[in-house]
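Heads up, there are several structures right after this.
Both complexes shown next keep subunit A, but they swap its partner, so subunit B is in the first and subunit C is in the second.
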Partner chain A sequence: MYPEELKYTDDHEWVRVENGKAYVGVTHYAQEQLGDVVFVELPDIGEEFEMGDSFGVVESVKTVSDLFMPLSGKVVEINEDLEDSPEAVNEDPYGEGWIIAIELSDESQLDQLMDSEAYQKTLE
Partner chain B sequence: MKDRDLIFEKSRPGKKGYSLPELDVPQKQDLLPENLQRKNPAPLPEVAEGEVLRHYINLSQLNHSVDNGFYPLGSCTMKYNPKINEDVSRLPGFAELHPYQSEEMTQGALKLMAELEKYLCEIGGMDRVTLQPAAGAHGELAGLMLIRAYHRHRGQDHRKKIIIPDSGHGTNPASVTMCGYETVEIPSDDKGCIDLEALKEVLDDKVAGIMLTNPNTLGFYEENISEVCRLVHESGGLLYYDGANANAIMGYSRPGDMGFDILHFNLHKTFGTPHGGGGPGSGPVGVKDKLVPFLPNPMIEEEDGKYFLDYDRPQSIGRVRSFFGNFGVLVKAFTYIRMLGAEGLKQVSEDAVLNANYIMEKLAKSYHLKYHRNCMHEFVLSGKKQKDEHGVTTTDIVKNLLDHGIHPPTVYFPLIVEEAMMIEPTETESKETLDEFVAVMEKIAKMAEEDPEKLKEAPYTTPVRRLDEAGAARNPILKWEPKG
Partner chain C sequence: MTRKTPLYERHVELGGKVVDFAGYKLPVQYAGIIEEHRAVRNEVGIFDVSHMGEFEFRGPQALEAVQKLIANNAAKLKINQVLYTPMCYPDGGVVDDLLVYRLDEDRFLFVVNAANLEKDWEWVQENTKEFDAEIENQSPQTGQIALQGPKAQELLQKVYDLDLSQIKFFWLEKEGKIAGHKCIVSRTGYTGEDGFEIYAPNDAILDIFDAIWVAGKDSNLQPCGLGARDTLRFEAGLPLYGHELSPEINPLEARMSFFVDLEKDDFIGREALLEVKEKGLDRRIAGIEMKDKGIPRQGYPVEVEGKEVGFVTSGTYSPTLEKNLGIIMVKKEFSQAGSNLDIRIRKRLLQAEVVKLPFYKRR
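Take a look at the complex of A and B:
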């Protein structure tokens, strides 16, 4: 449910650092709380955000929720497949359901994120 | 099961249910440029008169409405709409009036609007009211535009932030964005009210105002409202009262006295005019003196017993709606207020609060309550217990209500309560109806324990069962196309 190699935030986003980029999505818990996702509003490539800023919106049959930047940085990739298949966020939140990739502006921020165990504690 | 073909699917070439008299004037062919003229007649359905009638009567009977069942849809105040409101609004002098008729010919309508304005000022504790906005969210936007005009006039245009608590209505941040402002969210405290410390942290000279409902979305009266108003005013911001929950306080407390500068009322909630498909709505906005110059044009004024429309108001934000708002709805709300009178309105709120508390206490035995304390006109129940213990969600619970002829409460809102069910019975329901609702909810709770699988398949008796909501949102069919 909560892969060991990922980092997590209080706002239920996950981060995976890969080739100098950080991939971002929402956690299993978040997708379960949201219910069936029907739309994901993505930022533009090149947009820059601070940690904690809202970078997009995820809309489900139950609710609409902001997506928050887990780290500061510039958007370098977006998952355009979500436009046609937003259900990937529900079906495969850590894989096909990734949302954006960012170029970090301050790698030390990674230390502020939680590991899998700490995140799961917050869910109890 | 009644047939649910579309009217287009009932069409057969050559059938018709009308007859028009012979054209006895010369036909003009060139009124429209050629490229705008139809090459073929519009493909309207061809059906007999009786078929049309049955089609729409049958469709209307598939609806749930407050006239055929209990409708505890939280925050929406689905109260009984007295039929005398309809009678009065259909008097020919109101129904057949044209908005372009002169002031001399519309004195009655102007007087009604002027008096309704006075009543709303009295109920809300405000100095003037515009009747133009056509819905609650429209009122919010108009109110925010007044806040902006006020700050601009004072050279304070740098104020761009609007504070909204995390229990706020979804329309609030949407209106803020529409107005070009920025939303700042603050958390609720452990009693479900505004966290004063969190408020202090975000108050600065960039704050344009705060939007609140009181009672708030959880159904609680903001006990620290005077302190909230003092703090916001001290920072130079204004206070906006979202009147969505005004049904709880009429005659007992007035937003103007609490310290609010602006409010909107939902006539279609608090003042018994139809909504939820029966609309249209109406969202009059009231303000304190300091904001009066900015109110939309025109305002209705009176001089020597004559009413007139005053457009000579140079600081006005201008019109926010064509003509004078949803006039028919204004007539209905006026009638509602006059029929009940001051004491009657007070009793409305008293009974609305009593009914909500009655249900809440009864249901607290079988369901989880995140905040268990006296509520106002509504409360937020949680399906958490059923979910944790039996894997049954709030969706499953409320779908079962449909099988008992009861409209579900507002669900999954506010977001700060897990598996939320927001229940607002309104004042117009009898004890027997409330008891029946409680009995049904208890039965469902029992079913969650004993036969959760059966519960997950509900509803069983409705014209359609569970709809594919995700499919409908992901691949909406927005236009009918002929088959084949």
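Take a look at the complex of A and C:
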């Protein structure tokens, strides 16, 4: 449910650092709370955000929720497949359901994120 | 204080995601809103709607009291017939929308929205003092189940001891029994599908639910929550109080003139509504389909050439049509099917087109 190799935020997002980029998505808990995801509003490639900024929106049938930057940086990839298949956020939140990738502006911020165990404690 | 309905334990056992709604703990979903929605469109779903309010009117002037309160005409009801109606303020704004059941010559039942229950109860009492009629709030002791979908009759017939095919659309039967309990069964609902609503005292409603549930094992009976109830009513173009109806919206603007009988002698709000009708409407409810990608939600502004011309009252992804749809209140000149509008969704202005309501009609 909460892979060991990922980092987590209080806003129920995960981060995976890969080749100098950080991939970002929402956790299993988040997708479960959201219910059927029917729309994801993505930022533009090249947009820069500070940690904690809203960078997009995920909508379920009933709810509209902001997505928050887990770390400061520039958007370098967006998951355009979510336009046609937003349900990937529910079905495969750590894989096909990834949302954006960012180029970090301050790698030391990674230390502020939780590991899997610490994140799961917040859910209890 | 949030209350539990008599079916609360069942929601928990069946895996419902329970939320607080209008003072009650009710499931927003079980399997998922889209799956539950499709179950009702294609087969059959069961809903706990025990939070709805029930007021019974009895006595020699019960009809007069009812007639003063509602905009539709209860005098036209035969015994065992049901009526949908708005209940208005003197200025034509809506107190609530409700069903009126004629249980007998001088006995009527109001079924009102849970969110408006206290307000309605005060309103009803305040405005019927002059009549020789007794009015009782039966809501706390009354449970209600909705069984909805094309297979609702086939399933309910397995546990109901009278012939359901004799209950026509917007009629009721009060003599039949389920699981040994007498209950009111009406062919009504809030989904746009065929189906029934069942009323019984709290202790009986649990047995009734269990009997239907057991019988439904072979019919893929789907427990459904508030989420699917909303998407189903939305597709069927049925108004929801607080969205398409409110104290600031009159029923003529809400496309409910069919349920307003201005020929009726008198009722609260009649003069105001007559005036609205004579002057003509400035704005009205309309349906929209998004052309750009985005979901319209309640309160989003509607614009034409940069000018605000209305607002969204309800909007969602439609599981049946697989489109992003909305209901809007808009200046009348932009309410015709085919009109192009913009919806302001956060920072963006997205294109939409007016389409006919309802979005969905059963075959």
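Note that in this section the second predicted complex is superposed on the first by the 124 of 124 C-alpha atoms of A that agree within 3 Å, B and C clash if a C-alpha of one lies under 4 Å from a C-alpha of the other, contacts with A are read in each partner's own complex, and residues count from 1 in each chain.
Note that a contact is a pair of C-beta atoms (placed from the backbone, for glycine too) under 8 Å apart; a residue touches a chain by one contact, two chains touch by 3 or more.
The shown structure was predicted, so the numbers you read here are calculated from the model rather than taken from an experiment.
Aligning the two structures on subunit A places subunit B and subunit C in a clash. Contacts of A:36 after superposition: both subunit B and subunit C are touched.
In the superposed model, A:77 lies in contact with neither subunit B nor subunit C.
By the touch criterion defined above, A:62 reaches both subunit B and subunit C. Using the contact criterion defined above for the overlaid structures, shared-chain residue A:11 touches neither subunit B nor subunit C, since it reaches no partner. In summary, superposing the two complexes on chain A brings one listed stretch of subunit C into steric overlap with subunit B, and the stretch in question is 311-319; the others among 59-67, 257-265, 311-319 or 329-337 show no clashing C-alpha atoms. Applying the stated touch rule to the two superposed structures, the overlap between the subunit B and subunit C interfaces on subunit A comprises residues 36, 38-39, 59, 61-62, 64. If you check the complex, the residues on subunit B that touch subunit A are 170, 411-413, 415, 469-470, 473-474. Those residues of subunit A that touch subunit C in the complex are listed here as 35-36, 38-39, 41, 57, 59-62, 64, 83. On the side of subunit A, the complex with subunit B involves touching residues 36-39, 59, 61-65, 86-87. Contact residues of subunit C toward subunit A in the complex are 17, 28-29, 32-34, 227, 230-231, 293-295, 297, 316-317, 319, 324, 346.
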